[in-house]
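Quick one: the structure is below, and I'll ask about it shortly.
Per-chain numbering from 1; labels A, B, C and D assigned in written order.
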Amino acid sequence: MTLTGIAEFIASFFGLPGSSSVWIVAVLAAAILLGFMLLTVLILIYVLRKLLGKIQARLGPTRTGPKGIFQTAADALKLLIKEDTIPVKADRRVFIVAPILVFVPAYLVYVVVPFGEGNHFIAKDLNIGLLYIVAVSSINVIGVVLAGWASENKYSLLGGMRSAAQLISYEVPQALAVLGPVMLAESLSMQDIVKAQGEGLFSWFIFRSLPLLGFIVFLVASMAEINHVPFDLPEGESELVAGFNVEYSGMRFAFFMLAEFAASFTICAIAATLFLGGWHSPIRGFLDNGWWTVFWFFLKSSALVCLLMWIRATYPRVRVDQLMEFGWKLMIPLALFNVLVVGLYVALGKGG
Amino acid sequence: MIAVHHYIFLSAALFAVGIYGVIARRNAVGVLMSIELMLNAVNINLLAFARYVTPTTLTGQVFAVFVITVAAAEVAVGLALVINVYRNMDHINVDDINLMKW
Amino acid sequence: MTSYVQKIAWLIPLLPFAAFWIILFFGYRLRKASALVAIAGIAGAFGLSLPCFIAMARGHDPVNVSFPWVQIGRLTVDLGYQIDPLTAVMLMVVTLIGSLIFIYSVGYMTDDPLFHRFFAYMSLFACAMLTLVMSNNFLMLYVGWEGVGLCSYLLIGFWFEKPSAMRAAKKAFLVTRTGDCGLALGIFLLFYLTGSVAFDPIFDAAHHSHIHETLFIAAAILIFFGAVGKSAQFPLHVWLPDAMEGPTPVSALIHAATMVAAGVYLVARSYPLFQLGGEHAIALSVVAWIGGITAFMAATIAVAQNDIKRVLAYSTISQLGYMMLGLGVGGYTAGVFHLMTHAFFKALLFLGSGSVILGFHHEQDMMKMGGLKKAMPYTFWTYFIGYLALAGIPPLAGFWSKDEILHHALEHNFPVFLLGAAAAFLTSFYMTRQMYLVFGGEQRDKHIHAHESPFVMTVPLMILAFFSAIIGIVCVHGQGFHHLVHFGQEPPAPFSLSVAGISTAIALLGIGLGWKLYGQKPLSAADEDPLLKIGRLYTFLQNKWYFDELYDTVVIRPLLRSARILYWVDQKLVDGTVNLVGIITIILARVHQLFDTYIVDGCVNLVGTVTRQMGFALRYLQTGSVQSYLCVLYTGVILFVVWQLYTGQHFSCPFLK
Amino acid sequence: MDWHTCSFYVLSVMILGSALMVVSLRNIVHCALFLAFTFMGVAGVFALLHAEFLAAVQVLIYVGAITVLILFAVMLTQKTIGISLKQTNRLAPLAVLSAVTFLCMIAVIALNTTFPTSGQHTVAVSTQTIGSAILGNGSYVVPFEVASILLLAAMVGAIVIARGQDN
């Protein structure tokens, strides 16, 4: 039972022409992804709270539902029914558009994430998949800047500017780190990259050519890209109250939250795909087909998500000048070095 | 069926809008934006011809890559100039930047 | 031994040279240690010279090493060095006495602020002198010759704050340069005649070419002119007494022992040229007469001097004349022998006088001294030995060499012998005078407290005294020196008891006269010099035969006067012509100016005015606004494209046509 | 109307509409926002032309970088924002005339020209092919390197100009 089958069934049920099944497939896929994304975020927030509670030696949410599992849902409900205020002096149109500009790219990235083997578990395996991810995720900078500007608030403007600088700076090492797997797999397609790591644990790109460096650079740069601790300066409470989204409330604030948590899952998924063999099992040929691949994928992604939460719980925030120096003077040279080594590895490997 | 002419009209229209913007806008940043529009129009043309006239060689796409490169450089320098002009004259009104007048 | 001499000998002049550069560069940091460097340089040269001398003394063949320097077509100029007995003797004299004087200088110069520079110059001098004596050709000899001249100039003017020292240096430089012109001309002539500058080919050619014999003799006389300048012979002797303005070690080394002897060495070295003409060799006669006249004249002047160093200076001139005399009358060996002995005892005397001057607080007037025998015993006794040696008392060094010269003169040229004998008499007289004035009696100027010099000065004195005492008898023993240094098949000089008796008698006579005048009743502070009794002759002698005044009238004043006349000619005649041309040019330029102002400038201004007015009219197009330019640009492009559409071949546009 | 045609018209409307907004709106920040939409539309057109790589690059560079830069510049020259100044100068009528003339001219020329279009529409365009076209046979290596030098020079120049009078 595939999406195409469902689409044809729906088309015939409503008496639509056969060619419209393409559109129905697209709509269905989008809906599924949206649902999946919301679900992920829901779970993530709950897990985050619990995990932070454990790490900080407290309990986390307990009251709402058994073990507090409805806490997130309650929060979401609260945000939805909360009054949606827009400051008087704000630029209304931009103020409304900005959260969408942040949310949409986060959502669009899911299109090329390979959740499992074959075409069933990926919305569209673009041949420029990785480039698509990099390109689309760069859009949200505009949203952040505009959100900060449109609020007519000094804190939010500062937060927006900082955020823009940070995102632009860390896009460079992120894109450079991605080049390693691309060169090794000789393809930009996500599925191709995963397939190139099918030979068991040691064929994963994290262990090929220059072990770990590319992975670490990618993960750190991506954390900066999603404003994750310790790079969460744009929304640093102690300095900027809450950064670019200080004036937002209700549903629009929820968009920012959604985008952030969705993105933190996305980067884990991409890191798992690029460096940890994606949906492949660690042992060659062992439980390496069908739904098992989905299991492996989620296992790896979740592990990385837990790693991020661990970091969130333990690291203090860096200073803004440290952030920039770290990006330009350490991350970019490291990423370039990684590109050089991988390039040499590939070239020499090919030449014999 | 969409032919190459459609793309040429699209491109020409975008370019015309750009011409209007470049000549008529008073804000220097606006002028820069208009120039970007014109460059995009050019790229559309290049890719359309690459697609319809020489589908196998991709020369148009290569040129488009170079155009994008030049555009990036141009916008960086252009904006730097705008900021410098702003610092020196407290405005970026192209009409009033006429120190080179007789 | 040959291999050693050949391989190592070229290092001899280079060691002092190295010392010179080291002191030059690091002098300020080395300070007193620069003396050690200089002494190491000269002593190293001595250490290298000694085996050369021993090799020659054992009858080894002379060493002659040449290498090509310049090759132009068939012309080859060789440079090189040679070690033969004459050179070996000179090497020993220069390096041994040089070493002793360097050591002495440490004590003498110790308070001088330019201590290191002094040793740098001395090292450079040693290098140049060694180059001079080791050269196997006239070219390198000339280089060394000018090198010692330069160092002499620098060292005479060492205390250049004193105007007298400055003038003396200038005078020495100019006068010796006069002689050097002769030497240079002689070398040019020889090069023209033989196409070579090396000694051996020139001497060979001189002996085998009878056609140019006169020219060769002329060359010899020209070369002798150089020697006259350097060795302060009559009539170019006037610079040497003034050269005493330099530090005393300089006087001892350069102006007594080595450099001034270079002229004698040059004549000895070029002896084959001088010998041309057989029995009645003109060149040799010139040498003999000049030497004789110099010996006598200088001795007479020395009698009437009161400055302790000037007496010695004239004595040196006199003794150099003696050497020339010896060479001129055919006593080649005798001349060179006297050169060597004289170097020792005259260096001793100069250093002794330096010791006296230092102990007497830089007072050089003998009339103020007296009775220094008690205050300076070491100096007195060594000085005494030097005095006897110079006076020619057997068996000290001076006796043997002087005796031989007189012997030769008696045999060959009686008038010259008479001059020599008179000079010998005067020598012993003025030395006796000096001894009594300085050391005898009571100190006449009581304000000065004389003291003995340090050991670093007296020990070299003793060593030199030792050599002065024995070197004559050692060399004469078994005719040793005559076997070593001789010219051709010259027979060993026969020792004639009669001649020896005569010369001893002359010396004793002089001493006796001196005792009579100065010794019998020592001069007290109030007394005047007994020599004043001879009246105007004394004045004549004290004024050095009025040579300086003579030169002033004959040479310097006419030169100045002619220069003034030429100046006038230049001012009035030459400048007048130039000014006339200038005035004519100015008039022409005025005419040109009118043309330029009204016609050329008029055209230029017209063009300028037209351009300017057009500019005023057109400048309103320049709005300064980018966008208006852009607008015009677009219009232009569109017009162009439309025009192309109508007329061009690139677009076919039937719709529009 | 197939999906290709449909998409083309939708994108065209989006591009031209946004572009008109860019040149006509008074608030320059809104202009920048519409500029971003224009760029995205152009990226869509690229995708229609089977230039996926360039579409992604278009988004990455124009939307992700150039628009952000322009926003930066706008905010650094903030005095001119928000005040509803007249945004066009006295050349505006002339500009309209130029633009229309240009459009007409191109239309005339394009309609009267027969382009040597190839019937072959099955193009295997992939990133690798573009890479080979630029670097592969050495055909565009030198321009590629020159472009990199240009970028470097522009970067240095921009920094120098922008910090200007600090030192």
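Everything below uses one rule, namely that a residue touches a chain if its C-beta (ideal position, glycine included) is under 8 Å from a C-beta of that chain, and two chains touch if they have at least 3 such contacts.
Everything numeric here is computed off the predicted structure, so don't read it as measured data.
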Exercise for review: Sort out for me whether B-C or B-D is joined by the greater number of C-beta contact pairs.
Suggested key: B-D
Practice item. Mind checking the centre-to-centre distance between subunit A and subunit B? Centres are C-alpha means, answer in whole Å. Key: 33
Study note, to complete from the structure: In whole angstrom, the CA-centroid distance of subunit B from subunit D equals 6
Check your understanding: Rounded to the nearest whole Å, what is the centre-to-centre distance of subunit B and subunit C, using the mean of the C-alpha atoms as each centre?
Key -> 88
Exercise for review: Please report how many Å separate the Cα centroid of subunit C from that of subunit D, as a whole number.
Suggested key: 91
Exercise for review: Hunt down the residues of subunit B that sit against at least two other chains at once, touch-wise.
Suggested key: 19, 22-24, 94-95
Study note, to complete from the structure: So subunit A residues touching two or more other chains come to none
Study note, to complete from the structure: Among all residues of subunit D, those touching at least two other chains are 53, 57, 65, 72, 89, 91, 94-95, 98, 102, 111
Check your understanding: Can the chain contact pattern be summarised as a line, a ring, a star, a complete graph, or none of these (other)?
Key -> other
Check your understanding: Where on subunit B is subunit C touching in the complex?
Key -> 19, 22-24, 31, 94-95, 97-102
Practice item. Please name which positions on subunit C make contact with subunit B in the complex. Key: 619-620, 622-627, 630-631, 634
Check your understanding: Can you list the subunit D residues touching subunit B in their complex?
Key -> 4-5, 8, 12, 15-16, 19-20, 22-23, 28, 31-32, 35, 38-39, 42, 45-46, 48-51, 53-54, 57-58, 61-62, 65-66, 69-70, 72-74, 76-77, 79-80, 85-89, 91-92, 94-96, 98-100, 102-103, 106-107, 110-111, 115-118, 120-121, 123, 125, 129-130, 133-134, 140, 143, 147, 150-151, 153-155, 157-162, 164-165
Review point. What does subunit D use to touch subunit A in their complex?
Key: 3, 27, 29-30, 33, 36, 52-53, 56-57, 59-60, 63-65, 67-68, 71-72, 75, 126-128
Practice item. Using the touch rule from the top, collect the residues of subunit A that touch subunit D in their complex. Key: 22-23, 91, 93-94, 97, 126-128, 131-132, 134-136, 138-139, 141-142, 145-146, 149-150, 157, 161, 164, 168, 171, 186, 188
